[in-house]
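Labels run A, B, C and D following the written order; every chain starts at residue 1.
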Amino acid sequence: MQHTRIRWLHILAAILALAMIAAACGDDDDEETSSTASPAQTTTTQTAAATSEDPDPVTDSDGSDAGTADAEPLEAGEVTVGVLVPLTGELGEFGEIVADAIEFGVGEINAAGGTSCGTIRTVIADTGGDAETGIREATNMIESEGAVAILGPTSGVMVALVDLAKREEVVIMSPYAGTITLNELGGDFVYRTVSSDLGDGAASGLWLSSRGYESVAFMIQNEESTISPAEVARTEVTDAGIEITDFVVYNPGQPSYQAELTTVLANEPDAIFLAGGQESGVTLIKEAVAAGFDGEWLFTADLAVPEIFDAVGAELINDKAFVEFADADPSLPEFISFEERYEAAGDPFAPNSYDMVTLAALALEASGQCDGAGINSVIREVADSGTAVSTFAEGRDALAAGENINYEGASGPLVFDESGTVSGAYTIQQAQNGEWVNVEFYPASTFDN
Amino acid sequence: MLFLQFLVTGIVTGCFLILATIGFSLTRRVEGFLNIAHAELLGVGAFATWWFNASRGWHIIAAAAIAVVITALVGLGIARAIYDPIRVRGPAVLLITSVGVAFVIGGVIDALIGTGIRTLDIGLATSYEPFGIRITNYQLLVVALAALVSVSLALFLNRTRTGLAIRAMAVNPELAASRGIDVRSTSRATWLLSSGLAGLAGVMLAVIATLTTDLPFAQILVILAVAILAGLGSLYTVIASGLIIGVAMDVSVYWIPAGYRPLVAFAVVIIVLLFRPEGLAGTRAA
Amino acid sequence: MNNNSSALLSVEHVSKRFAGLQAVGGDDGLTFAVDKGAFIGLIGPNGAGKSTTFNLLSGVLATDTGRVCFDGRDITAAQSHKCAACGIGRTFQTPRVFESLSVIDNVLVGADSAGERLLGALGRSWRVRESETIEQARLALERVGLGSYSDDPVTDLSGGELRMLEVARQLVREPKLLLLDEPTAGVHPGLQERLAELLLNLHRSGMTLLVVEHNLRFLLALADRVLVMSQGQLLAEGAPSEIRSNPAVISAYLGDDHAV
Amino acid sequence: MNWPQLIITVITIGSILGVVTLALNLQYARGGMINFGIVAYFAAGAYAYAIATQPAPQGLDQYSFGFDWPWWAGFVAAGFAALVFAVVTGWPTLRLRGEYLALTTFAFAEVFHSFLINERRIGNGTVGLSNLERPVSDWGPIEEKYVFAAAAALLLLVTLIAFRRLLNSPYGRALDAIRDDEIAAAAVAKPVADMRRQVFLISAVPVGFAGALYAMFTTLAQPSLFTAEVTFVVWIALVLGGERPIYGVVLGTLGLVFFEEVVRAWPFETVRSAQIAASVEHVVTGLLFIAVLRLRPFDRISEQLKARA
């Protein structure tokens, strides 16, 4: 037993040593970065000081000076923004759209000379849609890369990051996390440039109710982002007096969905509301059509891509299928201008993503504080008070002229409610000759009760 | 009638599970460990089929044949390069290594294919409704293939020299070696066979499902369920447990929400194991 | 309980079948009794059911029919560790040792320590008596002639030494009844002598012994009574001298064996 | 690369997972029980903590229970929940051996996971319970991440001490005996079934605590955090570290988390590079497993440590 005790002490000593080294290094690190944009506690005091000195930072035309003073940490006068999206896994394609749109937005901002905190540098990481990876990558971005904002998480990851964001005083924003959980958690350091699933579901419900169906079946992928809007749509449809023949919640990743389809098809609904991913969606559509279903379809955003026509076979869904998703009003001048500048503007959530990064940059500029707390303190004002602007350059110039600004985004007017959510517009598109064509548009005002 | 429809669907599901599990079970019996990478071999088969069929424009049968051969060779190569040198370290190390192998194959497929969905260039399934029960030609193909594979594998294992050698290895490797069985060539035959079967299951996956790079590995849970239920038993128990789990999962949808399908599969496993601790094969040692 | 007062162990109409084959007990089952302090030999040809009988007595196997009483208690349905706790110690036909433990630790497992209970182990009180227990274990090893190996890994021992180790593991628990299954098999002559001496000593100190043995020269010199089993049934019973001359025994067992 | 941050993360996550690996080591290397559903006990702890400390449901919440207890009560509840789950799963399964036990526990974990996803009244289904309570938000001059790292390390340490003490006692000796030969152990009056059950139950408790700590750290209890992948990771750590030596187990876990963090610490500035990195990460991780399992570096280190002591 004597031996074990000695060995034991060795290990204890080693762990303690490791912990001490870590703590020591940590202290050093704090000293080095405390004068910088690091979100550590020292910066918080600066923030407080800044706010008390400048009660209205938006009008602080001196912001650029403060910014350069603050921006020492990043050698080349840079400010870091984390892009945390799924690049692999089921939502990989959407992650790519979002990341590309952010890249485009950052390019514009930097081409315009960057913010007064410096040019924007992005660090990109893949979450694979996994919350744990999201937390660890976000922590890395904040602690190691000094990110002041994290853009682009999906619903599940976004929910996981809420606490981290508030604790570290870093703003997180998503262009597509509709989950209703954020309706309670969001609003402080947590924002999204898309409306909540309540609106999404309401739009689906509205469409289904307006088509004159007598019966509708719901097929819902077992995920938060599909179940919560479907629940809303269910209420809407029930209230309209339409019979819901089935409400099937299924797991994705199956080779076939015949079992799930059995009762749905047996009940012969006029339409199927399919809220699912591409993999399950395509298989389901093919299996249903092969089994003789010839009613109409309503899909959700995941299927709002042109690849669906290749995968399913355009002739199977032409004219019969509709898709519903949060979308910019194509008649908005801001969207038209965005479309002219960015070739992939029509991709789902691309305008929302562009708006997200532009807003973050404008808030950085307006607050004059190059950190998350600064963004958080002014982002609502930047979005909705004063001179209307639609690009970063316009906004920066207006701010420099001492004006308040109101960012009118490519995806819509962008006004954050209490939970940090914007009210959004929705589009219904129809499959026609192998492509999606707009047939109905629900502006944000449709859902203001 | 609806119930019968569920039953038929369940049988088809079961037949796919048989195809997916039969090779996995063979490896487990002969090589003595759970080869988690088997699910990714389905992916190799599926995406090889897709590449030759949809990208190169080959006929589906040619694409499928070459895909099966490729998968068999990939499986054999992995076994020789990675599993063989550490065989002596026991099943736990082999199992964890196979998780590593699954990561590598998955990563390579991811890098080559990328995100998004892939479908074969084949027509939509045709439905038949004999006696009011709906079944498609692709479903019939799955059932036919499962039956064909089962019968020919049974004949192979019982009637051929190599087959008998594989069975002898499964029962007692040392004894087999001492009786003059060429262990190395028998092991090669086993790997070619089990990986080829994974390739075939992959082909069927490509035919009936919509491919994503995540889809093959998503099948590992059900494969495990079937393999566990079958225990270390013969080919026939794999067939039986594939059908039991397939039918249980699909018929359960008749009563309980579809989201619970995996729960049903594993609940069946637990219940069977509690009564027959060695799985369906069930020869209990004293 | 109808056991008579001097019988430590009584076996009544016990039988056991494996997959339909009768292993122990014929039509009426196996019946015998072991008196307190006796030294009994159990012999019979291979497959006579001797080891199965041991497994039934020590609770490794459950009986199909019949009753086993030990020290005034019915242990018919008792599990193996309960039987051991009652005071039945045993060794195995092929030695069973704890391969990852050292020789002394193998013996220490035999001793019941306060530190073997979950809460006891987390406390420190078991350490008080541990040195005493270790001393006992060393003594037990000395008695079986393994004293010099105590800190070696058990894998270094020969087959015969492993048998001795099993005996030592039981000695340290001081069982009331010790069942020895072929204690001399594979044991070299020097150790055999030592074993004979040990068994006599144990016998003299009042321990009850039941020994299965193929080495009849060894056993018949020591035991004071011998049971002969054949095909799961008791064939004969008596003093060693009677058994040697019993014609039934000779034909069933000794006839086709070149022993004695 | 920001080394202090990396070390903090490695200590925090590594210690939490280390507790799980230690429990697995106790069950496997000493108790001879292969538990392939260890993640379920971890999840049970996390969910118990979440449910205990969560405010009562309101508004859009779908969960039915929230007791709003203080964090320490939640922590205790987590250990208790893991224990209860171990009783429920251990009672029918522990008479199974080896692979069959492994696979049944795996099946139980899958059933539990599926249940958490589908029964939305327990924990909101797939979205899980979020914004969980953290013990204290204000630690004065000490940053919270250090507090968490210290708490995790402390839990690991306490578990290590308790397990070591147990295993260096006659109890541990008896366990080894049972694992080596059940029949022989029973022949010296060791209650084999009882002791196996005890080991199964006591090793579940720290796993529950680790689950609670993990829930506090991530402020989240979500089904996607508790997939079979966690079980795989912990087993990999166990095998990497060598099954037998208790320090090797800790070393293996810390090493694995360290590797994961180093891979992730690399900043990618373009979408394409991040995409390539994502698939390369899988390949590299897989290759590393294969290499480490063949070369066994951690095993050797801990053997050397042992030889020196």
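Criterion: a contact is a pair of C-beta atoms (placed from the backbone, for glycine too) under 8 Å apart; a residue touches a chain by one contact, two chains touch by 3 or more.
If you're wondering where the values come from, they're calculated on a predicted model, not measured in any experiment.
The chains touching subunit B as well as subunit C are D. Comparing the CA-atom centres of all chains against that of subunit C, the greatest distance is found for A.
Among the inter-chain contacts, the highest number of C-beta pairs connects A-D. Taking each chain's centre as the mean of its C-alpha atoms, subunit B lies 30 Å from subunit D.
Centroids built from CA atoms put subunit B at 39 Å from subunit A. Each chain gets one centre point, the mean of its Cα atoms, and the points for subunit A and subunit C are 75 Å apart. Chain centres here are Cα means. That of subunit C falls 44 Å from that of subunit D. Contacts with at least two other chains are made by no residue of subunit C. Residue positions 117-118, 275, 278-279 of subunit D each touch two or more of the other chains.
Each of the following residues of subunit A touches two or more other chains: 87-88, 96, 222, 249. The complete set of chain-chain contacts reads A-B, A-D, B-D, C-D. Note for the complex: subunit B touches subunit A at residues 2, 5-6, 9-10, 12-13, 16, 110, 114-119, 124-127, 134, 136, 139, 204-205, 208-215, 218-219, 249-250, 253-254, 257-259, 261-262. Within the complex formed with subunit D, the residues of subunit C that make contact are 58-60, 79-82, 84-85, 89-90, 92, 96-101, 105-106, 108-110, 112-118, 120-122, 126, 130, 166, 169-170, 173.
Those residues of subunit B whose C-beta lies close enough to touch subunit D in the complex are 82, 85-86, 89, 91-93, 96-97, 99-108, 110-111, 114, 221, 224-225, 228, 231, 257, 259-260, 262-263, 266-267, 269-270, 273-274, 277-279. Chain contact summary for the complex, subunit A toward subunit B: residues 87-90, 92-93, 96, 222, 248-256, 258-260, 262-263, 265-266, 278-283, 286-287, 289-292, 307, 310-311, 313, 316.
On the subunit D side of its complex with subunit C, the touching residues are 162, 165-166, 169-174, 176-177, 179-181, 183-192, 198, 202.
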